[in-house]
Every structure is written in C-alpha cells, then in structure tokens.
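Here it is: the structure, laid out below.
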C-alpha cells in the first residue's frame, strides 16, 4: 500500500451550527419513533382493555339472577298427586301431569295481578317442583317459594328494560317480592330456551370431553413426530414433504378442518354427529402441527453440546433422546401444547361443520353423546330470540376467557420459569 | 501499578474506571492514556475485560442494560460520560471495528456511505462518492472493489469484509479507532493485510487494538497494556513489555504459562 | 363403524325458524322426564335438514325435520329412494315474514309491488336502479332503500320470494304466470331474484343481530320471522304490507300476505326404536294451541281446523301421501 | 372377546415378556458380558409380543366385520333383505348393533331377525381373532426370547422399532394433508362437473339464491368472494395489523425495559388468545354499528353496519400479536453485530432500526406478513358474525363485503336444497381457500428459510 | 510428510484418512498413530481440521449428516468404520471431552453415573457409588464435591465442570480419551489443574488433546502433530517439533507468524 494514495480530508467540525441543528432534528425523529412504538403498544392494550371491559360490563349481570317470592297455596291448587308418588322416579312426570306448571302460573296471577304470569320465569314451576320433591309436606300447606323472575324483570332490576317490565318490577319491589342472588343455574345448568334457566355446564362439559380427545391424540403424536423430525429424520424428499405438510397444516384455516371432519369422520367413517369424539379428532388434527412445531423448537433449543456429551460416553440415539433431550425440552413442549389446547378450546368454525351447533339441554356423559362446546354455545346464544340471552352470551364469554387466560398464563409462566439459556 | 505512560496531552485518558455487569465487576480501577498517531494494544487472557474496557471508550457499553461505568474518561479533555455529552457525536469521533466482520447486508457503497449519510457529512452525491472512494482507498480496498460497488458487502471474503468495516469506520472521519480482535476471524494472509493497514492508518488516528495474539501486539503496536482479571497489570512501551516486563504475571502470560 | 351406535335421544334437524319452537317443546319434554336425554336439535336450515333427514333410516339419521316450507315432490322422491318413505307430516303453526323498522324510523307503509320494485334484481326485466323509496313509489318518503334480510340460503328468503315477490311480479307482469310453467329460469330471474347491491343487505342467519342493527340504523327495514318482531316490540314496529300490519291476528287469519305454515316431519319407522319419540310428538301437539307456550314464544297458532287435523295425524300416525305434494 | 379387552391382554403378555426376558438376560450376564442391557432385551421381546399382534388386530378389526357380514348375507334369514343396497346396509348395521347390545330397539323388524345370526358370526370371528392374536403374540415372544444371548444386539433392534414408531407418528401429518386434499377434491370434482371451473374462478357474479339449471355457473362466480376476502383480510386487516404489529415489536424489543417487555408481551399475546367467536360478537355488536354511525356522520348515509371495515378492523387487531411476534423473531434473527455496527457509527436507535435492522429483517417480516394474511383470509367467525353475505365488489370500506369462509358456513348450514351446486360450492370454495393458503405458506416458508440461511 | 512416528503396536492408527463436509474436504490424507500411555497434541491454526480429525477417532462425525470419512482407522487393529462395528461400544472405549464443559443438567452424581448405567457396568448401587467415587477421585474433583454430589453439575465453576466431564468420560473405563481444546474456556488456574490431571491420567490411557496454545502442547504432550489446511504437516516428538521443526510452515506457526 502506498500512503501517497491516501488523500487528505478536512476534519469534520462537530460544533458547527448546521451540525448541531441536524443533531437536534435527529433526536426529535428518534423521540417520534419511540413515541409511535409506545402508541402502538398502548393502543393494542387499550383495545384489549376495552374488549374485556365491554364483556364484563354486559356480562356480569348474567351471573346474578332476580327472583320473585311467590306465595303458593298448595291445598287450593288441588294437585292430583299422591305423596307416595313423590319419592319415586316418576315424581317429575306425576307433578307435570298434575298441571303444576299451570297452577304455578295461576298462583302468580293471583299474587301479582293479571300479568303475574309474565313476571315469573317460564321455568319457575321447575323450581317449585324441586321444592316439592325436597319437602313433600309442602303440598298440604301454604308456602312462599323464591322462583326466578322473568328475563324482563331481571333486566329492569339490573338496567334498562321495556317500560312495562320496569313498571312491573317497580310494583314487585314495592311489594317486597323481589330479591336477587348468585345465579348458580348458570354454572350448573345446560342450554335452555329460557334465559333464566340456561347454563354453561353442558357446553363446558362438552368442551372438556372434546379437549380430552384432542389432548390424548395430538400430544403423543405431536411429540413423537417432533422428535422424529428433529432428531432422526434424514434430510430427503420424504422428510421435506412431512415438514412442508406440517408447516402448512399449522396455517390451514380452521374451517377447512371442519370440512375434513365432515367429509371423513362423518361422511366416510359414519361417526355420530355432534359428538365430542368427532370434535376432538378434528381439533386434534388442527392443533397437532402446533404441538409439532413447538416441540421441534423446544427440541432444537436443547444445546447440541448435551447430545455430544451423551454420545461421547456411548449413549445410543434413543438414549440420548429419552434420557436427555426430551426431559429438557418438556417445558417447551408443554407450553406449546397448552397454547394449542387454548386455541382448540376457543375454536368454533370447524365444530359448526360437524354438527356441534345444536340445542342440547342435557350435559353429555360419554364421548359419543351429542354435545356442544363453550364457544359454539356463545355463538348459538348470540342468535337467541329472547333478549335475556344478550347478557348470558357475555357471561359465557367471560367464563371462556377465564379459562383461556388461565391457560395462557400457565403457558407464559412455564415459559418464563423454564426458559433456560445454556 | 502503574502510572500511565506520561504524555503531554493524551487524546483519550481514562482515570480510575470501574465497570460492572450487574453486581459483577469486570474492570477494576483502570487508568490509561491513549495518544494520537500511536497504536495501543490491549492484551490479556480471555475474560480479563479487554473488550469491556474498549467499549467504555465510545460508550458502546450503554447498549448493555446491566453495564455500569464509573470513573472518568476524557476525549480531548472532555468527559465523555458527562450528562451533556452527545453519544451520537462521540461515536462518530471514536470509531469501532469488531471482532467478527459485520458489514451491513447492503451494497459495498451503501456500507461506506451509511455513516456520512446519517451524519450529513456529504453535501452532494458527488461529495458522497468522493468520501466513499477515499475511505475505501485508505482501507486499501478500493482497488479490489471499485468495479463492484453495488455488490453486497456480505459477499466479500472475510479479510475484505473486515477492511470494509474499517473503511466504514473511517468514512465518518473519526479521531480514534477502536479495534476488538479485528483479525481473530481471519486467515494469515488477510491478517497480514490488516496489520499493514493499521500501520498506514496510524499516522492519522489514535488506534486501540485488542488482540489475543502477542506476536501481533508486538508487530503492530507502540504501547501495550496487559490486563488480567479486570485490572491493568502493566502498561508501557511495547518493546519493553515484551522484552523486559516489570510484573511477574505479565512475564508468565507472555511466555505462555497461561491463557 | 357404520351404524353401530346406539341412540337414546331424539335427533332433530332443519329450519331455524321452527327451531325456537321445537327447542321449547324439547325443554318441556325434558322437564317432565329428567331421566331422559333431551332431544338434540340443530338449526341447519330447511334444505340442509332435508338432506340429512332423507339420507336414510337408522340411528345415524335424524328422526324429525323442522321445515319452514312444505316438502317438495322431488325431495320426497329422493327421500323415498333412500328408504325414507313413511313420513308423518305435521303442521305445527304459522309464521309471518315480517317487515320491521325501528320505532324511530320513517313509518313506511308498503305495498307488495313497492317491495318487489325495491327489492327485485330485475323488476319488470330491467336492472334495479331505485335508491330511494320515493323512486319506487312517489307516495313514499325520500328515504334510502336499505333492507336487512336473511341470506339466499335461508327459508325465510324462500318465503319472501314466494309470498311477496312472486305475487307482486305476477300482478305487474301478466306474462309472469306463464313463465312459471314454461321458462322457470326467466321467472326466477325476473320475479324472485333479490338485488345484490347495497340496498339489500344480506345479514346472515343471525336474526337477532338484525334486530340490533335496526336499532342502530333507523332508516333501514328488516325482514325476519314474526317472533323476532314480537320479542322486540319495544324497539321495533311492523311495517304494514298492503295495508295490513303484521300482528298475531292478521297472520293467523291469513289476512297478512306474508303468512306461511310451519311443519315438522317425522319418520314413522323411528317411532318404535327411538325412546320417547312418540311422547315428544304428543308434547308438541299439547303445546301448539293459542294459549300454549309456543304462542308465547312468538309462534302463531294455526286455525282450529288445521290444529285438529294435525292432532289427528299425530294421534294416528298417518303418513304423508306424496300425491298431495307439489 | 372385545377389542379393548384383547388389547389389554396383549399388553399384559408384553409386560410378562418384558419381565421374563429381562430376568433371563440378567441371569446370562452372570456368565458372559452382555452386548445390550437386560432391559433392552426385555423391550425387544415385549415389542415382538405386542407389535405383530397389534398390527393383526388392526387388520382384523377391519376385516372381521366384512367376514361376518358375508356370513350373515349367506344365511337363510337374509333372504328377505331388500335388494336396494342402501337400505340393506342400514338394516345390517342395525342388526349388528343389536347383536352387540340386545337391549336396543330395532328400527327395522328385519334387523331383529338377523341379530341372532349376526351374533353367532360375530362371536365366531371374535374367537378366531383372539386365537390368532394370542398365537402371534406367543410366537413373536418365543422367537424373540430364543434370540436372547450375550452377543445379541437387542439395543439396535429396539432402537429400530422405536424409530419406526416415530416415523409412523410423523406420517399422520401427511395423512391429514392428503385427507383434506382428498375430501375437498372429491366434492369439488362433483361441483365442477356441474359448474364449469372457469365460470367459478372468473365469474364476477355470486348470488346463490337461485341457481339456474341451464347455466349454473352464471350465479356462482367467486370473484366477488375472493375480492371481499382479499379486501377484508389482506387490505384492511393488514392495514391495522402491520403498523401496530411492527411498531409494537420494535418498541418491545428495542426500547422497552425488560420489565415492561416481560409484562406487555404476554398481554399482547392475550389478544391472540381471545377466541374468534368473541371477536365476532364484539365486531358485530359494538364495532360494526359504531363504524356505521361514523360513516353516516361523515356523510355516507348508505353505509352498512356490516361493513368490510368492521370485520377487517377487528380481524386486524386479532392479528397484531401474530405480526408482532413474527417481526420480533425476524428482528432477533438479525445478528446483534449489525446493531452494534450501526450504533458504533453514531447512528441513533431509530436510524439503526429503520436503516439496518428492518432491511435486514425484511424477508422474515414479509414472510410473517404472508402468514398473517393467510391467517386472516382463513378467519371465519369474525366474518360469519360481522360481515354481510352480499357479494359485491367495492373499494369502499364502509360497504358490506363477504368472504369465502363466511359463504362456506352459510352454504353448509343454510337451507340449501340437497345435492345442489350450492352445497357443493362450499367444498370448491374450501379447496380454493386451501390452495391459496397453501401457496402463501410455501412462499413464506421459502422466504424464511432462505433468509435464515443467510445468517447462519 | 511424514511417516507417522513408528511404534510396535499403536493403540489407534489412522491411514490415509480423508474427511469431507459435503463437497468440501476438511482432512486430506492424514495418517497418524496414537499410543497408549502417551499424550498426543494436535496443533494448528483455526479451521485446519484438528477437531474434525479428532472426531473421526470415535466416529462423532457420524452425527453430522454431511460428514463423510474415508481411509482406515483402527483401534487395537480393529477397523472402527467396519459395518459391524458397534458405535456405542466404540464411544465407550474412546471417550471424549469437549471444548466447552458440557455437564448434563443433572446432579454431579448422575453425571458420572450416567455412562456406567447405560453400559450396565455396575452390578449394584454400591458398585455404582464406588465407580463414581473412583472417577471423581481420578479427575481430582472428589475432594471438592464429595459433600454435594446431589448438586447440579452445571452449578460448578468452569474448571470444575470440565473436570466433571473428564470424570464422566473415565467412568466408563475408556482406553483412549480425546480432548478438544479442554482448557480454552478456562482461567489459568483451572487450566493448570487440568494440565496436571492430564499428566496423571497419562499412565492409564492414550490421550489425544487439541490445543491452540502451543505452550500447553509443549507442557503436556509427548508427541505433537501440526495440522495446516487439512493436511498433517508434521508429526513427531514434542520437544523436537518445538525446538527443531523440520517444516518451514511449522516453524512459522510456532513462532507466531500466523494463526
């Protein structure tokens, strides 16, 4: 090299006016940029807060219910049931057959005037029936039983309502017949046409059964394929094909899995419609790739030095995997699995395709029973004629969100807790 | 230790510098002067804090959240850790070349033009072209790349990439150049080229080079500082340090007892 | 495995209009017999329901079809081809295709021909350009035409075409009646096709959402089943068609032009093996009277004679005579 | 014996095989140095007991019903069966169900008649199956047991077996893909035999209300659906998700203090965890009407409350964390040497980000956006609840628009006449959607891969 | 080059070994013998193939999909690349210690016990305890860890970790121990400990050590092999190589001309 070739340059004057101005401009741009980033994060957070707040505001009412204290004069009803019938299995049929429903309606009219039947819920008589079953001696005396109020009265008691309901509620309140309490039915009941009797337990149980199938299938298969792909698979056409399919499956729209379930599980294998087992299979196929990808990343994150160490003392490949890699990758795999399960739990579209969009008033007992799941229940309730379902829908959303947030929190906790840097 | 080799008015001077990473102390009470037209070599075993100290000199340690510096470092007498110090300008005045060549994934031209552009050093396109050519020439790379200025900087060989990084650093007209093991990723021939380049550049800048290769330190530097476990064990004229170290630890290290 | 599944609950598919009524009966059914599984009811829509209903006999196939229109001859034949031949047809009540607007709306009064001119894709064979109600009838206010209605795949839409659009079209175009026989494509295009532009907003199956959107958009007119109108009577009111308001009374007497019968179809051969199916039918018959729970849910009770005939069918299990179908 | 009981029996035998083989190997280890551990010998025998028997049972589970069916059909009681195949198989299936569970009632009287015959055959084949399975288990076990010897490399054989199991598990993914493709293709083929594929793909009029018998393609042109899907998913949603997602990622990775990041990032992820049905409900009831009022206020009286904007906006919000985490990954993949290089030149953070980091991360970000788009166009519940069904082509975001997924749901849950092109069109739409997302993903994955390699 | 130093019956012998990574050749026709009770050092500039060659000796290269070995390598006269060779047993006989200490994230006890367990070397728990204690003792770690055998191996200091890895390797009673820059991540004191350990172990094993530190090679080895660009430039008795190299390249490297 030749120093003559190096030309001289005038040194930069960093204190010059122009330079200082330029610097100030650059710092201003810097602040703007940073502010934009902060704004983006805050707005996203604000949206989330707004969403949650909206759901809470309109859904909290769904957890409470308004009740009416209904005086009943059982002897005057002259119900045609014999006391010995009440102890037996046929008690429900006997009471229904004896016209209890009409009698309760009549009692309401007698107690609250002409529109008395409208202030109690359609399922009020079921409450009365249960009370009679619990204490048959009621039939021989007068009693005041607290029954659920009609949705309109509940609306009036908790917020805005139609003027006639407002008036009726005011009258009841003045008469001291109005109480309110926690709506246990909402947590323990199944779907119903009557918002005061509708509950999420049926759908929740359907969700749980479905998730059971999903987890039982997707987890082992996902973990095994992740191990195969990361630790064994030779680099060739076949494994490329497997890899491409898995990556694509992870991004295939969920509704396509619904079409698959419809065509294959229902169409070809003739499995029962609306069954958690079919929903579970469909969702398992959907989240399996999620687990595979998370599993692969977790396996990949185990440092090669651990494998070298094990191989170096003469461990075989299976031993390397099952003694070292898998235990170390497990937290990561679990995180991925929980996130996948959360996604499956919130999924609606594919289940609409396989018939889980049904009115099912009994919680499922088996994997092949007809069932709905929580998000589909929300979808169905959002379309209910009766306005009492608006707050039920939001309340069900709150329950679903509680589950999902809990699962996500668990995943995040696991990730932070076991995130190891080697 | 170890009064720093006395100079009339050093380009940079550090006094009682301590650096901490969180609770861990990485540099312990180091004082040192760096002069213009001189190459200062930092040597020492791995982990002794050479890089850490180097990075305090242009406040690159600011980018590490846990790092905390105290003591005083002056550039032309100005405290670079003073609150009114403008880091952006400081870094333009104290350039840096890293261990692994890190050209931006842009064209060769853009790599060199990057600094002048952000600092607004070029008045016109022609001006910028001139700066780019000058910088590449000074880095001894112009001849090799002048016909492919639009190729990606990452497509060059390792040694060329490192020279590109040097060209990039000198394009903003710095006063001090810090080099952190600039040759450790290079083959012998590329290493020789860089060493030659350091020789040439020496006339215009104050250069600080970290190296783990003692022969290299002996070849390129005028002054050598030996670090050990975060302290500055010995600092002096290179030829003396290598032939006649005053400290036992220095001697052990130079003769290969450890490291 | 095929068909190897036992079934101890009733399966019902079909129309979303009949759905709320059938679910009400189902719930009453279960309330009386808590040891029984409640029937499983899917609102698939009439057409998709027919597809499932007619796929065969056996535990894999539904027992009851909800229909917001009568079975067609061609559909019956397809059923029969799959072995589904002994079908009990029961008319359970009536429904009206109601037009409704917000209480803050412009208080429209429409004729069937107005609706046809405003809603048809090709009224009189020419593309529809009407933007304002006053464009179709100078007597109407200058308010943009904006109708929120069910999607093309819905039974309410079929009823809209059959009960409102087709008669208006035939009234306006004398040839139309003739096309119906010789050129059904042309008839459909001119008479019953609904416009695709923004004037008709296809608002999905979710009728409840339509109600809420009407509330937010006072100048729009919604089209849905009468039960929705009744449930939301505080926010909406019915738009009179040909001078007749959609009310319980006008629909049940047939004066309101948008009245239509609702049916359920039952497979006779399922009565024995599916536990409770006969009881369910009996419960249905007990619920459809004018003071029964279905009317409270918004259904319109069928005229006394029809109810009596239906009850007789249920009691005897009379099967449908295909000759009666069109 | 029932299938599951047999399964447990074989498992039990495998356990016994494991124990005896291990015991034998332990005994042998006293005499000579074993090549493999006793436990590995145990696994070898257990595999030989279980795997052939399981494979046989799987085959038998498929074969024996057919054998039983043949047997029943050959019996004299079957003479009265209807000739019509569908009805016949329904009766047979029912007879089998009753044969298995005599408490069931019969839909068909004939089924009741056939049930005992069926029961005989089922019992017979069940015993044959049990016998063969046990025979296989014993034979496999005996063979494997006989090979136990000190030099025998049981470990190698076991490992190959494990490998096979892993391989089979990973093939499920391919089977699923094939299943999707097959089922969509089959129904779509039927659709395209009615409606010309050109009409479907390029027709600009979608209105499945009346499908003409003479020209079924005229009303089934899917272009408006593709447009709506594109407009909502790729334009409006992305217009929200890209800036918000990118800037969030940049802020969280480059600016935010670690503590902030640790709290805020999971919060953003919650946005992705909210089920789409909730977004749909929110879009339909809260966002949609609000947007309509806004549009009316700015002078658009015809604005629809199921505007493309409502669905698109909410969808965009849902996608934000997706984009942001992809951008996060892409930024993290840029070597920190780039960042240091730029900062050491005296660049500010924002200059470093916009001039060095983003360009370097661009391929990864683009790939992430492509994946986000494929996610958005496949999103269903939001559009089912918040978008309209009207298939129009309009650039106005306040107009209503519909999407492919919404139409699939409508067509399959609506009141279509059966076997009509309307129903089949759902599958054709599904196929198109699948192909489009498939292509998007392939491109995105290619880009990601290429660019990861660039830094490795 | 370079007849390998002749020995009666070498523990391991390599003849005309070539190693390829895909199309790239990393080792070119290397022949070498390794003897029992000897430490053999591999030196050479970065990337010259030292690690690559070392890993062919216990077939750790099998784990790299692109790597391909040809030529012949024998352990006690047995071809280790023969198709009926059981790799797992080979690796038990030829142990390995890596550059970065890599204890398993398990207890110290489990780290050492792992090898004996998978190879079935211990008949009983007591037996295993004995093996663990012996190995740790030989690795000079017993005194430091005997009271905390249940602590995680990763909680030890770097030098202790490396000795733990050595203990782990000798727990399966190997015949040859390969070490790839075992001290490069360690501080001088830990390095000294490991070097001492190598001295002690030498009596029982054939040891091969890769190092970039020539002083270390000089200190610990009896034979030294100098690699450059994938070829074996020179192989001989250590003292001779360092005092009187036969090849110009060796001399240049040893005196620090490059590397």
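Going in written order, the chains are labelled A, B, C, D and E, and every chain counts its residues from 1.
Please note the rule applied: contacts are C-beta pairs under 8 Å (C-beta built on N, C-alpha and C of every residue); 3 or more make two chains touch, one makes a residue touch a chain.
The structure presented is a predicted model; accordingly, all values stated were derived computationally and were not measured.
S.K.: Common contacts of chain C and chain D?
M.R.: Both chain C and chain D are touched by A, going by the contact rule given at the top.
S.K.: In the chain contact graph, what is the shortest path length, in steps, from chain B to chain C?
M.R.: Between chain B and chain C, the shortest chain-hopping route counts 2.
S.K.: Tell me, please, which chain's centre (mean of its C-alpha atoms) is farthest from the centre of chain E?
M.R.: Result for the farthest chain: C.
S.K.: Could you quickly compare D-E and A-D and let me know which has more C-beta contacts?
M.R.: More C-beta contacts join the chains of A-D.
S.K.: Any idea which chain sits dead centre by C-alpha averages?
M.R.: That would be chain D.
S.K.: Centre to centre, by mean C-alpha position, how many angstrom separate chain A and chain C?
M.R.: 32
S.K.: From the mean C-alpha coordinate of chain A to that of chain B, what's the distance rounded to whole Å?
M.R.: The mean C-alpha positions of chain A and chain B differ by 58 Å.
S.K.: Roughly how far is chain B from chain E, going centre to centre by Cα mean, in whole Å?
M.R.: Computed value for the inter-centroid distance: 36 Å.
S.K.: Please output the residue numbers of chain B that touch at least 2 other chains, ranges allowed.
M.R.: Touching at least two other chains: 88-89, 92, 118-119, 172.
S.K.: Please output the residue numbers of chain A that touch at least 2 other chains, ranges allowed.
M.R.: Chain A, residues with two or more chain partners: 26-27, 316, 357, 382.
S.K.: Which chain D residues reach two or more other chains?
M.R.: 155, 284, 348, 351, 384-385, 412-413
S.K.: If we use the touch criterion from the header, which chain pairs count as touching?
M.R.: Final set of chain pairs in contact is A-B, A-C, A-D, A-E, B-D, B-E, C-D, D-E.
S.K.: Quick check: in the complex, which residue numbers of chain C touch chain D?
M.R.: My answer: residues 1-6, 15-16, 43-51, 54, 56-59, 68, 75, 78, 82-83, 121, 144, 146, 151-155, 157-158, 184-185, 188-189, 192-194, 196-198, 200-206, 209, 212-213, 216-217, 219, 269-270, 272-275.
S.K.: Along chain A, where are the residues that touch chain E in the complex?
M.R.: 234-235, 303, 305-316, 319, 323-324, 328, 420
S.K.: In the complex, go through chain A and note every residue touching chain D.
M.R.: Interface residues on chain A, with respect to chain D: 26-27, 29-30, 32-34, 36-41, 43-45, 47-48, 51, 54-55, 220-221, 224-225, 227-229, 232-233, 241-242, 244-249, 251-257, 259-260, 262-264, 267, 285, 288-289, 292, 316-318, 339, 342-343, 345-349, 352-353, 357, 375-376, 378-379, 382, 393, 397, 400-401, 404-405, 407-409, 412, 416.
S.K.: Name, in rising order, each residue of chain B that touches chain D in their complex.
M.R.: Per the touch definition, chain B meets chain D at residues 58, 60, 63, 65, 87-92, 95-96, 98, 100, 102-106, 114-115, 118-119, 154, 165, 168-169, 172.
S.K.: In their shared complex, at which residues does chain A touch chain B?
M.R.: Per the stated touch rule, the residues are 1, 3, 5-7, 9, 11-12, 14, 18-19, 22-23, 26-27.
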